[in-house]
Structures are given as structure tokens and as C-alpha cells.
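Here chain A shows up in two complexes: once beside chain B, once beside chain C.
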Partner chain A sequence: MNTRPSLFSLTFSLPLLIWQLAFFLFPLAFLVALSFWTVRNFQMQPDFDTVNWIKIYSRGVFWDAYFRTLLMASASAVLISLLAFPASYAISFKLRDSVKRWMIFILIIPFFTSYLVRVYSLQVFLSDAGILNAFLGYLGLGPYPMLNNTFGTLAGYATLCLPLVILLQVFSLNFVNRDLVEAAHNMRCGRLQTVLEVIIPSAKAGLVIAALFAFILSFGDFVSPLYLGGGNPPTLSIMITDITKSGQQWPRAAVVALTMIATLLTVAFAAIKFAYREAGK
Partner chain B sequence: MLRKSTHPSRRALLKMSAGAALATPFLSIRAAAQTVNLSMLAWYGHAEPDVVGEFEELHNVKFTPKYYTGGDNMLGLIAQSPPGTYDVILSDAEYVQQLNAAGYIEELDPNDYAFDDFFPEFQQFPGHWQDGKLFSVITRFGFLGISYNAGVLSEADAASYNIFSDSRLTGKLGHFDWHLPNLGQVSLLNGNADPFNLSDAAWQQVQDSTMALRGQVGGFFDYGGTFSSLKNGQMTAFAGIGDWITGVLEKNGANVRTAIPEEGGLQWTESFSIGKGSRNQEMARKWIQYITSPEGQAKSADMAAYPAMIPNKKGWVALNEANPGEAKRQNMVLGQNNAIDLIRDGRIKYRQLPGQQSLEDWNDFWSDYKGA
Partner chain C sequence: MLDTPIVHFDNVVKRFGSFTAVEKADFQIARGEFLAIMGSSGCGKTTTLRMLAGLEDPTEGSILLDGEQINGKPTWERDTPMVWQSLALFPFLTVQENVEFSLKMRKVPKAERRERARKWLDRLDILEFADRNISQLSGGQRQRVALARSLVTEPKILLLDEPLSALDAHLKVRMQSVLSSLQKDLGITFVYVTHSMSEAFSMADRVVIMSRGKIEQIGTPEEIYREPHNRFVADFLGSSNVFSGRLASDGSSVWTVKAEHAAFTVKAPAELQRAPGANVAFAVSSENMSLAPAGASCTGNCVEAVVVGGEFAGASATVFLETDQGQELKVQKGHDELKSVDIRAGQKLLVHWLPEHCHVLPGE
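Right, the complex of A and B next:
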């Protein structure tokens, strides 16, 4: 058997490989090198000094921001998955095919508009004198602070991730073998029990990947924590801009960025391993 | 005849269009041959048509702007570009020394510029001169104080930085997200006569006083966030900004204002330099002459992106003639108590880099404050 890749397969796989090398691996290697550079009088100098790592890792404010960001991204992944599931379930199992197509189309529409614009317009809804609080005011409630806090940030994460998570969940639920559901019903398995014990385990991989996407997008997001969270308290992405803004400390920002990348890779590998682990093993 | 020119025959119309079409290339070639491309590194708005339009037409110049946010961003952009990339560079006063130290700007001839027309305070602005040599020409400045929503707070409320601790501002105090102006204001509140040149004890006090405000803070905002949160009333007062933000909002009908409190205000100062290795030095010089001339100054004061005060006394006269409303709004009317008197009374301190601590110390504290 010929193990050498054919020209045909290379033609299709090489561009991806080159792309990844040029825009992920090389920049990543540069980022690692950069994290050992030093800055003097606003100018970066090639160097091999661990000062940036020590400086960042020895600061309480970094670890506070790190665990806060981790917690917020995890909360975002869990909450958005929970919010999305009933919708995805309804779209996949309860709707006619034509309606299903329309729903998928509607879920794609948010991507027509820039995320930044959508987040900015959310300010109109969430501010103290905004649409939501005005509505709650009619009911004699509020006003509740929804902007410039963690709630605002999470609302922004939902804007970013919810349509995508629903789409991914719908596609994975579509692949659930309908015979299994029918078999469960025939064996007098209740509706809720069917969902929990048949549908969710069968669609596990897709559901976990959807949650993983929510985590990844939220963990690195800059727009929502800044414009809806008011940078209060700051996340790691805000911290990166802060560090670069003052004194040109790109090497220290590189340390934060590398820590984020390492975290994302760890979480992604763990999630994928969990997603594809076979039951009983 | 009138009918003929308003309703030309088909043949006449064809002739006219053909003639116009044939002439067009000559027009554009003629124009292109003389147009000088002048690149400008500046804060947003400085190379927009409302400011440069007239100069572009007058000298057949086309500006290519590169906008930055903050002095560090500016230094980074220059450091990453080959010499000569930027013909004119607009900088905040405290960064001119950094530009000079790094050799990014050309020495200028003081005789080229009308310093005699300037108020005496601005003829030898600190940092713009080094060992008697000129490197940058002041073009505009503004004051930073307490910016507030006039529907909630009165002018009397905004007469002291102590308002920042008022219960009405709990969760409603915004910070423009840059340590220098915010910490400078707290330093003024603490009674430091030289707010950026602090002994270690005084610096510790500034940190303590700042930290005491943390519970009041509703958010840390960039340029755009500052605008929107003042405009939609989400923040009632802001530290670290001035009329350069509230002036724009005010002109658009928002009920916001900036007051200079008893403890004093800070001054930001912008100046133009010529980039080292620029190939258009002659035109760059003409631009700086233009923008510091009375007419240029009047335009600069009312710049659409953000208004500012101007250092040229004749510019004040020109502004009062061309746009008396704006002159009055910015307190730039001669012969009465005006903005220059605020400086002369010692109420205004120049914004500077920290004198006895490193910029890093200040920045680190600011990160701690934000994360607290």
C-alpha cells in the first residue's frame, strides 16, 4: 500500500496546514518568545528574562481576574446550554420540517449584524432607564441594575453564544436515532426520563461541543465585559488591553495571553475527551 | 436661448457629455500631479474635513490620518513603523519628551511659528523645548475636572472632588479608564500642590483615598463607553475627563457639563511635531503654521470630534468673531474672567507623568483598584 499522500489529497489539505502554520503556530511561537522580552522606556527589546512571568504570576490581581474569568465563562457555558436546550429540543423534535428550516434561518440572522453593534444596542435595553427597567417599572418593580455588572456581561455572552449553541444542539439532536425514542416510549419510559436517559446521552458529544464553544467564546471575549460589564470587575481580556495601554508592556500581556491559550487548550481537550468517551468505559 | 440650455437637443447633450468626458482625465492628471500626501498620526478627529478641509484645498494636500488612543498607543505605532512614515505627529505634552528621547521627531525652528501671538504661558511650554531647542508646537489644550449630569447634580455639588464620595453617586461614578487623570484628580483632592510629583507617603495617601472610592464606581470606560454612559444617564458623574467629552455631548443636546472644582483641575495639552525622516517637511511646517494661525486655531477650538481651548491670543479674537457662542461656552472671551485666569490663579495643573514613581507603579495600582 502506498503510504505517501497523493497530490489530490495534498492539494486540499495543504492550504489548511499552511494557514494554521502561518496564522496560529508561528504567532504562538512568537508570543512565547515575546513573553521573555523586556521593555525599557516604552521600547521592547529582545531578551531572555523571566521577569514578566514572575511579575504577572506574583500579582494577586491577575489570579483574581483569572479565576473570575474562568468562573464567568463556565457559568456562561452551563447557563447558555440550559437555556438553549428546551429551544433546541422543541425545534428538533416538535416542529414540522418546514418550520424547523425557518427556525434555523432565524437563528442564523443574528450573525448578519456585527456582535459589537448588537452589544451596543443592548445597552438601550439594560440601562437603569432602559427598556427592560421601564417595563418592570410599569409592573411596580425595579429598577434593577443590569448594566456595568456581571449580569450585563453574561447577557452579552448570551448574545454572542446563544444562537450558535442552539444551532449546534439542534444539529446534534437531529442525529439522535428516533427509533431509540420510540423504543423508550414503548417500554413505558416517561417523557422527561426519555430526554434525560435516552436523548441527552445519545447527543452528548454535540451538546458538550456546543457548551465548549460557549466557554471558548466567553473566556476570551472583550466586548461584553467592557461594554455591558463596564470593565467592573475586569476580566483577563480587559487586563491584556490595560497592560499594553500603559508603558507598552506587550511582553507581560503575552504572559496573560499564553496563560489563556493554555487554559483554553486544556479545557478543550478535556471536553472533547469527555464528549467522545463511550459509556461504561 | 434659456430653453435651449435647459432642454438641450440630443445632439447638443451628446456633444457636451463627450467634451466633459474628454476633459476629465486632464483635470484629474493636473490635480494628481501636484497633490502632496501628508500622513498624520493623531487622536481621532484631527485630520477630518472640518479641520483640514480648507488647508487641503489651499495647498493641494491630501491628509492620510492614522488615529491612536493614548500616548502609549502612539509610541507603539511609531516604534513599529519605519522612519518617515508619519509627517506630522500630534502628541500629548507628557509624551513629547518620550518622542524626543527616542529620536522620533525633528528639531523645529522657533522663528517659523508665531509664538509672539501666544499667551505668555504657552510660549515656552515645558517638555516642548529641550536645552533651548524646540521640538513641538502647542496647538490646543483643555481642562479636566468633574464631569456631571446637570439634571442630577448642581454646579455647587460639583465644586469639590468630595462629591465623588456622595451617596448619590454610589454605583454612578464612572472612570475614564486611564490612571493618570484619575489619580491626578485624587492627588488634587488630597491637597498636593504638585499633583504628579509625590513623595512615597503622599503617593500612599493617594492610593488610600482612591481605594476608598471603589464602592462608588459604576464602571471603567473607554472613549465610546464614556460617551454613551454619560449620555444615557447610566453614570451621573465622571472622573478623569473634561469638556473634550462633555462639550461634544452638550453640543448634541445632552444635559452634561464639566466644572473645575475648588481643589483645582488638570490640563491636557496637544502639540504638533514633524516626524523624523519625513519627506514632506516643508508641507508639514506649513500645516503647523496653519493650525497655529488665528484662522486655524478658531477651527481647532470647534473641532467636531472634540472641542478644545487654544493658546493663540489672536486665535481667540478670530474665534470670537467667527463663533462667539463657542468662545463663550469654552470661556475664551478676552477682557473678562476667562480660562487663562484659571491658569493664572493656580487652579490648573499640567497633567504629567509621575515624578517620583515609575509609570508602572501607577499602572499597577490602577489595575489593583479596578480588580478590587
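Right, the complex of A and C next:
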């Protein structure tokens, strides 16, 4: 087999390669270099010093933020997937084709407005005197604090991820062979059990990748934890801005950013490996 | 109990909107019989099977399984395992787990499940692949997994929806004999849907021929082959030539049937009454027709026809001819018998056959 890429394939793949090199690999390499620089009198200078890594990794505050962010992103991925699945299942399996197309269109609409705008509007819903609490008060309940806490952050993550997760789930469920569902029914597998025993395993790869997207988007998100979660205690992305604002500590921010990238890569590879694992030998 | 049919379709109708998929299906399936439902695509054969499996509900009429009315009973409450055309094996399970699936749904304990599944894998010669993934198996091996998966619960009836259509010709013949002997050994009822006449006629005890939602004929392969009920069946089998005309005289042993340009002498059917002047159609098997040079003396029935082509494959040859009226004829003969006539295209020949080889189509 000829392993040298042809001119034809290069013509199409080269622009992407150049783009990736220029805007991902070079900045990443620079970020690695930056993490070894030092700051004197609010001035960065090229250096090779592990002081930033030691400083960040020896702080309890960093690890608190790290595990909180990891936990929140995982919770976001799991909760949003669970919340999305019934809707995706209904869209893929139960609706007529014409209704299906409308539902998919409705799911795309949220992307028309900026995420920041949507998060600000959520404040109107979630604040103590907001729409939701006013409604609950009308029923004689509450008020419940929904803003500036974990609930607020997760509500924001859902705004960010839910439409995308539903879309990804719908597309993966659409690929489930309908014969498998009937065959399961034919072998005494009831409706709910078929969802658990056949539909979810069949669509596993797509469902895991949808959850992975929710994890990635939530893990790096800055807007929801700040404007809906209150920013205190901080997540890693809030921590990065805090570090850069206080005394030009870009090298230490680079350490945090690199830790995030390493975490995302690890999680993504593990998820994809899990998603495509096959039964048997 | 043993004499009651295992399945009874009682005037079953299935409509999808304004489209009638199955029209007044009324037949019974005997215990332990191998029944094939045959027809071209869209004839309603798969819908009939799916109604029996509980995957579709009849619009009218009722279906009885073991004497019990099963309309409206969901498929997961019936014991009617089916083998899909696509096989519908679960790709996320191993071979063993696939076969165990329906036992697991029946809450059979794990050890027993395993043992029963292995017994069937062994019986179908695929035990060595038990721990493999489905994607690593060949078409024939997958076929066996699908069979094992459906038979593991030891049902009284097995439904098969064109299970062999994805296999190549060589494997198809092998699987046909596997299926036949399996059915005989187990003694369970097989309902087999196919569009292939060779599959249906080589395996089935009885064949149901369907067209456009209607059942055209039910009978043993031999009955259908020798005595097609109507023109559709005769044409579908493709081995007969059909002639039609009006009954001119009905003698006790022979009828005279007058067509536009010819008159035929036809053996009178034993159990059929027609008034003179009534329309009559009869079929003549292409093997029972003979060829002679044009102008030869005529015994029995004769028509003149021009050779349009031929097929010379295997032990016999098929000659295609066309009469002056545009009717196409097919004559199948051994090579020796064809030596005496010139069968080049364009040659005018005399096609002749005996009255006793005419089968009057009772359904026309």
C-alpha cells in the first residue's frame, strides 16, 4: 500500500492542518513554555523555572477548585444526559416525521442568541424575586435561593448544553436499527426494558459522546459559574481570570489552563474508548 | 387437542390508511407443519407474518393461536419467536448473550440460561463462536445464531421472514437443508415467508401464494404445481402456458374450448361444472408440450408459432415461441427430443400437446 498522501488529499487536508498548527498546537506549545516563565515586578520574563507548577499544585485552594469543577462538569454531563434522554427518545421514536423536523428546528433556535444573553435572562427567572419564585410564592412555596449557588450554575450549564445534547442523542437514536427493537419485544422484552436493554446499548457511542460534549462545555465554562453561580467558590476558569488579574501571573494561569487541557484530553480519550468498546473477543 | 390447528386466520383484514395490505386471509396452519407464504414484494406476506407475531394488529377478523384469540395481545406476551430478514442480532452482545437474551427476559437463572444457550449453539455447530462479537461472524454463521436465539425457548411455532435472502446461492441451499432437517427433528411449526419459489417449494409441506393482499392458492407444492388455481398462480410458477376461450361443448370426458383463432380439446375436469359459452382458461405445463416442423400432421392440440429464443442450460432446454396472435409460449424438452426440429430464431414450428395435459383453471 502506498502510504504517502497524494497531492489530491493534501490539497483538501492541508488548510485544516495549517489551521490546527497555527491556532492550536503553537499556542499550546507557547502555553507550555509560558508556564515555566517567571514574573518580577509585574513583568514576565522568559525562564525555565518550575516555581509556577509548584506554587499552584501546593495550594489547597487550587485542588478544591479543581475537584469542584470536575464534579460540577460530571454532574452536568450526567444530569443533562438524563434530562435530555426522554425528550430525545420521544423525538426519535414516537413523533411523526413532520413533527420531528419541527422539534429539531426548535432545538437549533437557542443557538441563534448569544449564550451570555440567555444566561442574563435566566437571572430574571432565578433570582429571589424572579419569575420562578414569584410563581412558587403564588402556590405558597418558597422563596428558594436559585441564584449564586450550584443550582444556578447547573441551570446555566443546562442552557448551554441541553439543546446540543438532545440533538446529538436524537441523531444517535435515529441510527438504532428498528428491527432490534421489534426483535427485543418479540423476545418478551417490554417497552421500558427494551429502552434499557437494547436502545441504550445500541446508541451507546452517540450517547456517551453527547455526554462528553456536555462535560467539555461545562468544564471550561466561565459564564454560568460567574453570573449564575456567583463565582465564589471559583471554578477553574474563574480562577484563571483571578490569577491573571492579580499581579500579571500569566505563567501560573498557564499551569491551570494546561491542567484543564490534560484533564479534558484524559476524559475524552477514556469516554471514546468506552463508547466504542465491543462485546466479546 | 392435537387435531386443532395451531394457527387459525379467521377472515383477517389489514389496512394501512386506505391501502389494504391483507384482504380476507382465511386459512389454518396445522401443528408441526412447514408452511411457506410466498409472493412478490408488497403482496402482504410479511404483514401476515407480522400479525401472527403481534407486531401488527389486524383491522378486521381474528387470529387464533392454539385455539386462543390473540388479537391485541402485544408481541411480548406471545410465544411467537421470529427470525428477521435483517436477522436483528444485537451487535452489542456476544453470540452467547444473544442466544441467552429471551431466556434472560423470562428470568431463567444464569447457570441454566448458559447451559441451554450452549446446547443450541452446539446443535447449530456454532459453539466455538460463543464468545465472539456478531460482527466477526460470516453470513451463514449469523443465520445460525439467529435461529438458535429464536429456538432456545423451545417454542411451538417459529416465524421466519425471508431469513435466507442475504445469503449467496451456495450457502442458501445449505441453509435450506439445515432448516428442513431442523424442522423435522424438532417437529415444531415453521411459518416461512419468502419471495423465492425454489425455497418455498423445496422446504414447505404447504405453500400459500399471495398477490396484492389476496391469497391466490393454498396447497402442497405438488398440488400447486400440477393444478394451479388460476392464471396468476400459473403465471407466477412460470412453468405453464395458459390459454383461454369459451366452452363450446361439454362432453363427459372432453371439453371443446374455442379461442379466437383455434379450438382446443381439453380433458374435462372431474369436479367442475361450466355452462356452454362460459369463459374457460387452462394451463399446459411447458414440459408436456412438444415441437414438430411446421406443416406436420397434428394430433391432439396444435398451434403454429415462431421461435424467438432459447435457453440451453442443464439437462433440458427451454424454447420460447410466439404465436401469430402474439401469445408467448414456453416449451421445455430434453436435448435429444429437440434434435429433430430446427429451433433457430424465426423458424416456424408446430407446438402440440395432448388433451389430458390440459389443466382447467378452476379460479378463472
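Criterion: the second predicted complex is superposed on the first by the 277 of 281 C-alpha atoms of A that agree within 3 Å, B and C clash if a C-alpha of one lies under 4 Å from a C-alpha of the other, contacts with A are read in each partner's own complex, and residues count from 1 in each chain.
Rule of thumb we're sticking to: contacts are C-beta pairs under 8 Å (C-beta built on N, C-alpha and C of every residue); 3 or more make two chains touch, one makes a residue touch a chain.
The shown structure was predicted, so the numbers you read here are calculated from the model rather than taken from an experiment.
J.: Of the two partner chains, chain B (first) and chain C (second), which one does A:242 touch, if any: first, second, both, or neither?
T.: Touch status of A:242: first partner only.
J.: Tell me which touches more residues of chain A here: chain C or chain B.
T.: Partner touching more chain A residues in the overlay: B.
J.: First (chain B), second (chain C), both or neither: which does A:179 touch?
T.: After superposition on chain A, A:179 lies in contact with chain C alone.
J.: Is A:64 in contact with chain B, with chain C, with both, or with neither (first, second, both, neither)?
T.: first
J.: A:127 contacts which: chain B (first), chain C (second), both, neither?
T.: Only chain B is touched by A:127; chain C is not.
J.: Classify the contacts of A:188 with the two partner chains as first (chain B alone), second (chain C alone), both, or neither.
T.: In the superposed model, A:188 contacts chain C only, not chain B.
J.: Tell me which partner A:278 touches in the superposition: chain B (first), chain C (second), both or neither.
T.: So A:278 only meets chain C here.
J.: Tell me which partner A:139 touches in the superposition: chain B (first), chain C (second), both or neither.
T.: So A:139 meets neither chain B nor chain C here.
J.: Could you say whether A:117 touches chain B, chain C, both of them, or neither, answering first, second, both or neither?
T.: neither
J.: Would you please give the residues of chain A that touch chain B in one complex and also touch chain C in the other complex?
T.: none
J.: Can you list the residues on chain C that touch chain A in the complex?
T.: The touching residues are 53-55, 74-77, 80-82, 84, 86, 88, 90-95, 97, 101-102, 105-106, 131-136, 149.
J.: Using the touch definition up top, name the residues of chain B that touch chain A in the complex.
T.: On the chain B side, the touching residues are 70, 72-73, 75-76, 79, 98, 101-102, 171, 177-179, 217-222, 224-225, 228-229, 232-234, 359-360, 362-364, 366-368, 370-371.
J.: Per the contact definition, I'd like the list of chain A residues that touch chain B in the complex.
T.: Where chain A meets chain B, its residues are 41-44, 59-61, 64-65, 120, 123-124, 127-130, 145, 147-148, 226-227, 229-234, 239, 242-250.
J.: List the residues on chain A that touch chain C in their complex, please.
T.: My answer: residues 177, 179-180, 182-190, 193, 198, 201-202, 204, 278-281.
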